[in-house]
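Structures for review follow.
Both of the next two complexes hold subunit A, though its partner changes from subunit B to subunit C.
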Partner chain A sequence: MSLATALALIGAISAALFAGIGSSIGVGNAGQAAAGVVTEDPSLFSKVLVLQLLPGTQGIYGLLISFITLSQIGIMGGSNPTDIGTGLQYLVACMAIAIVGLVSAIQQGRAAVSSIALVAKRPDQFGKAMIFPAMVETYAILALLVSILAINGIA
Partner chain B sequence: MSDKQYIYAVARIRANELSLLNNAFIDQLIGAKSYDECIRLLSEHGWGDGTDRTAAGMLACERDKTWNLIAELVKDMKPFDVFLYRNDFHNLKAAIKETASGTERDGIYIDHGTIEPKRIKEAVQAREFENLPENMRAAAEEALNVLLHTGDGQLCDIIVDRAALEAIYKAAGESDNSVIRLYGELTVVTADLKSAVRCQRMKKDRQFIDRCLVPCRTLDIRRLAAAATEDDDAISEYLRNTDYSEGADKLKESPSAFECWSDNLIIRAIKPELYHPFTIGPLAAYILARENEIKTVRIILSGKNNGFSEDKIRERVREMYV
Partner chain C sequence: MAVLPMKKITIAGMKKDRKTVLEALQRMEAVEIIDADEEETKDTAFSKADTSEQRTQFERMASRIDDALEILNQYAPDANSGLKAKLAGKEALSASDFGTVVRSREQTLNYANEIVQRQKEITEAKAEGPRIETQIESLMPWMKMDLPLDFKGTAKTAALIGTVPEAVTEDSVAEAIYQYAPDITGVNVDVISSDDEQSCLMVVCLKKDAPQVDEALRRMEFARPPVSSRIPSEEIAALRQQMQDNNKKIEELQSSIASFAEHREDLKRLYDYFVMRADKYQVIDELAQSNRTFILTGYVPAEQADEVVSALTSRCELAVDLADPDPDEDVPVKLHNPKLAEPVEGVVENYSMPGKNDVDPTTPVACFYYFLFGMMLSDACYGAIICIITGILLKKHKNMDGGLQRSLKMFFLCGLGTILSGILFGSYFGDLIPTIGSLMGKDIKIWNWIDPLHQPMTMMTFSFTVGIIHIFTALGILMYSLIKHGHVLDAIYDGVFWYMLVGGLIVFGLSYESFCGMLGFDAAVVSSSAGSVGGWIALIGAIGILLFGGRDSRNWGKRLAKGAYALYGITGYLSDILSYSRLMALGLATSVISSVFNTLGAMSGNVILFIIIALIGHVLNILINMLGAYVHSNRLTFVEFFGKFYEGGGRKFKPFGMNTKYIKVTK
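Showing the complex of A and B:
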């Protein structure tokens, strides 16, 4: 495997790895809060479950970028990058969702924990409670877009 | 300890906060026609276990519920020991008085403490003070000697109360949680302010006042003691230059308004914990909130039992956490 392909592969793996780590931390934290609320009031299960899942999307975005990259660099399809510059471009393109995915999923998890507490106290305010963690999603989507545009641009 | 370890616990506390008594319910209790109606309202709210409908039984049951819930939520109860020191020192007082009088009475010990009441009782009776925790030994020995030699119960109480406050202040100061540190500070502040006002009213001398007041961060106890040797205005004047300037007006209003204000200091200070999702703070605040409502319900029930008017009871009622 050439150095160029290796660099592109590091990018693809990083996208799934870091965004996945972020999501697992976020979903894990929100899950602890959700379990606490359901212990006291099982009827809130469906509401807190939605909130728990919100930080999980970054992991999916990372996976998507990882697939797109792998299908272009000769691992799952496409052709191997010919020079180090191209390999480096794939690496940098993947970093957008890798880094933003990691940070935003953790932060979204914290917002979800707070929103779960809100739902525990005021179940009728579920709609509003969902908006707060959902706002964090904006930045994960922006990073996803940048990664997709950059990878398509390189191809 | 990591913040994350309390996420589950805080979420359960949030759900439990829904059943805390709010000011509207307290108003309803005060407005109840009789003691029995108060008991009925509390039962309907879920207080007690349905078997014991006496005030003492109901309040003890609620205290058990609080500590059982906390024990279920955290593996290490040590951070909350500071809230139980008062009970330990109360038991110490009871043991000293029992030993000095040579009589035994039922129901004077409180179960919730960091050490068994039996251990305190046996240590005091056998004068084996080394069997007591370090923060109790000196005070236990001194208080027992004072009571045996002078028969001065007030001095005995002051020695034990001072040791209790010092123990709370030290333990809370060593905590890494801001709510527990705040509890330590405000417990001492509240006790110092009440002692200063009471000493001033009883015209106690400077030596006695100095013995009552415990040093803390936000009060200059030398200036407070000096003010307490003069009059209410001197105490008010001193308070105006501290973080507790509101107390100066309350002191002018009435002694009970001042005591009520000082009791509310802690509850007001912990209210931000209603919005913290990760730390041990909301758990500590929940314990304090429950203790506060148990204290408030006790005041209301005892007021109703003794036929006090609504206004008299309202004057003594504390602010609620929720």
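Showing the complex of A and C:
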């Protein structure tokens, strides 16, 4: 494998790796809070489950970028990048979702924990509780978009 | 799309008819009763009753039954619970059936008491278990002893039975005793059991030596054994028997509770009966009453007013007055919307009910909501699956819980939006059809209007366009409500100028080739002359905002500064429009993830494996992306759309009615 492909591969793996780490931290924290709520009131299970899942999307966005990249750099299709410049381009393009995914998932997890506490006290305010974590997700979506556009541009 | 107009209803009647009136109102569920003002009834013949005592009594019985039902569910799970119960809806009971429930209430309440009582016994029995366990544990080291532990000795000898907290031998104990009391006649030491933590001893000596031996032993931290008058092995056997009996008792109690399952429905009905009674007393508290008469005031939706009045006056002699509420009254809000928009009322309520003078935003929200959701899920087959599942549930369970029905209807319509956008962007289970085609060596092309993955800029431009339309609609509603309340000039300052500025800037931008190129067009979209017109319009809008944005300040310096700040709000419009890029991003996420699974399946090279991978993958994808689409449709509605015009803050209309959990009484 050439250095160019290796660089691109580092990018592809980082996207799934870091965004996945972020999501697992976020979902994990929210899960602890959610389990606590369910011990008190099992009927809130479906509501807190939705809130727990919210920080999980970054991992999926990371997977998505990872997959698009892999299918372009000759690992799962496409052709190997020929020069180091192109390899670096893939690496950098993947960094948007890798880094923003990592940070935003953790932060979204915190917002989700607070929202779960909100739902525990006032189950009728579920709609509002859902919006706070979703606000954080905006930035992960923007990073996902930038990564997609960049990778499409390279190809 | 409307907030229903409300009437204020005042009913005056004889106290003997109070029950009839309240029951009729409770069944109709059309009047929200206002708590009579304490101040107003002061110094008149009227006063307010205090029924809290009766109410508490009913509430206590209701909670007793609730406890009983919960206990019953532990031992005989309710087959009809959770989602299933919600789908089935509340049981409809005719008035006469309900009468039967009421007549047999003593009996049913007894069942509840029995259940609660037996649960108490179970709890006690369960606490007994560990206690017996510890007893057995403490006797275990004495197993080999063939005398009872409270054996005191024979006529001449004394037996000292107990433990020391270390490992010892018979000789070591005897030696220790002789060392302390060298002049005793003699001792006999038996070690029953011994380990590092404790040794069980029986020391026998002459009665006269007993105090000295006892003292010697005490120095070794000799402690008395557990109290027991039987030989340890017998005692342990007895305790084990007791344990078994105890467990059996628990089991018997549990199955006896489970046998009450046949009365579960009766308990549920009676629960609702007590809740309704408690509610009724709550209302009686709110009435102004004299010795013989009562006065009830409340709000009723204008369209139901006549029906309520005629239903009441047909039952008994009453004086009823309908009036328009004062403008500064805290009138509750009830929404009424066309069938297609109604399901979205839940989304609006989630944000906030409209104030009584606000425009009800439900219908405009609905116009976009289904489409926004669709774009973010954007797969025709996913949409079809959602439609089929929700459609079947809606058709099969006509009686289901109102809130659930509304959500299912909403998702059905969202499913239609998803089918539409799936067709527009050519996605059917992602790229399943071309993937299968390529496996079979055929190149299948599916029609699409935009291919989001290969024309990302075009897709993004389309997303922004949807966003601009969404935001401009919000601005339009702002103008509509300002004009409706007579603030025509405000409508121009806060609406028209912004249309001019944002719209003008867009036209201006579209006349430049570089800007259009960024959006995925080959050439400038509008001519340069149109562009310059747009530029001028934008400039007029900007000047208008600068001059009038701070019009509530009298000082011109302050006013211009505020205007400049208002003009800075253009950055808000920019970020709002960019925020709609999520339409494209989430849509792409759905289609790319589904192609991941399709590809993985195809790579397996095995039909069965392909089907399994695709099935699991697509189910996962639908669930996770439905959640995303729902959350972000709400976000776009709450932040970008409502941000422009909607404040809310109204109070939801809560009629006096059957606030029941399990049943509803038909008229």
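The criterion applied here is as follows: the second predicted complex is superposed on the first by the 155 of 155 C-alpha atoms of A that agree within 3 Å, B and C clash if a C-alpha of one lies under 4 Å from a C-alpha of the other, contacts with A are read in each partner's own complex, and residues count from 1 in each chain.
Just so it is clear, a residue touches a chain if its C-beta (ideal position, glycine included) is under 8 Å from a C-beta of that chain, and two chains touch if they have at least 3 such contacts.
Predicted model, so just to flag it, every value in this text is computed and none were measured.
Contacts of A:A19 after superposition on the shared chain: neither subunit B nor subunit C is touched.
In the superposition on chain A, A:I73 makes contact with neither subunit B nor subunit C. Touch criterion met: A:Q32 reaches subunit B, while subunit C stays clear of it. In the superposition on chain A, A:A117 contacts subunit B only, with no contact to subunit C.
In the superposition on chain A, no contact is made by A:L88 with either subunit B or subunit C. Of the two partner chains, neither subunit B nor subunit C is touched by A:A105. If you count the residues of subunit A touched by subunit B and by subunit C, you find the higher number for C.
By the touch criterion stated above, A:L9 is placed in contact with neither subunit B nor subunit C.
Those residues of subunit A whose C-beta lies close enough to touch subunit B in the complex are 29, 32-37, 39-41, 110, 113-114, 116-117, 120-121.
Touching subunit A in their complex are the following residues of subunit B: 4, 7-12, 14-18, 275, 277-278. Those residues of subunit C that touch subunit A in the shared complex are 346-347, 349-351, 453-454, 456-457, 460, 578-579, 581-582, 584-586, 588-589, 592-593, 596, 599, 624, 627-628, 631-632, 634-635, 638-639. Across the interface of their complex, subunit C is touched by residues 50, 53-54, 56-57, 60-61, 63-64, 67-68, 71, 76, 126-128, 130-131, 134-135, 137-138, 141-142, 144-145, 148-149, 152 of subunit A.
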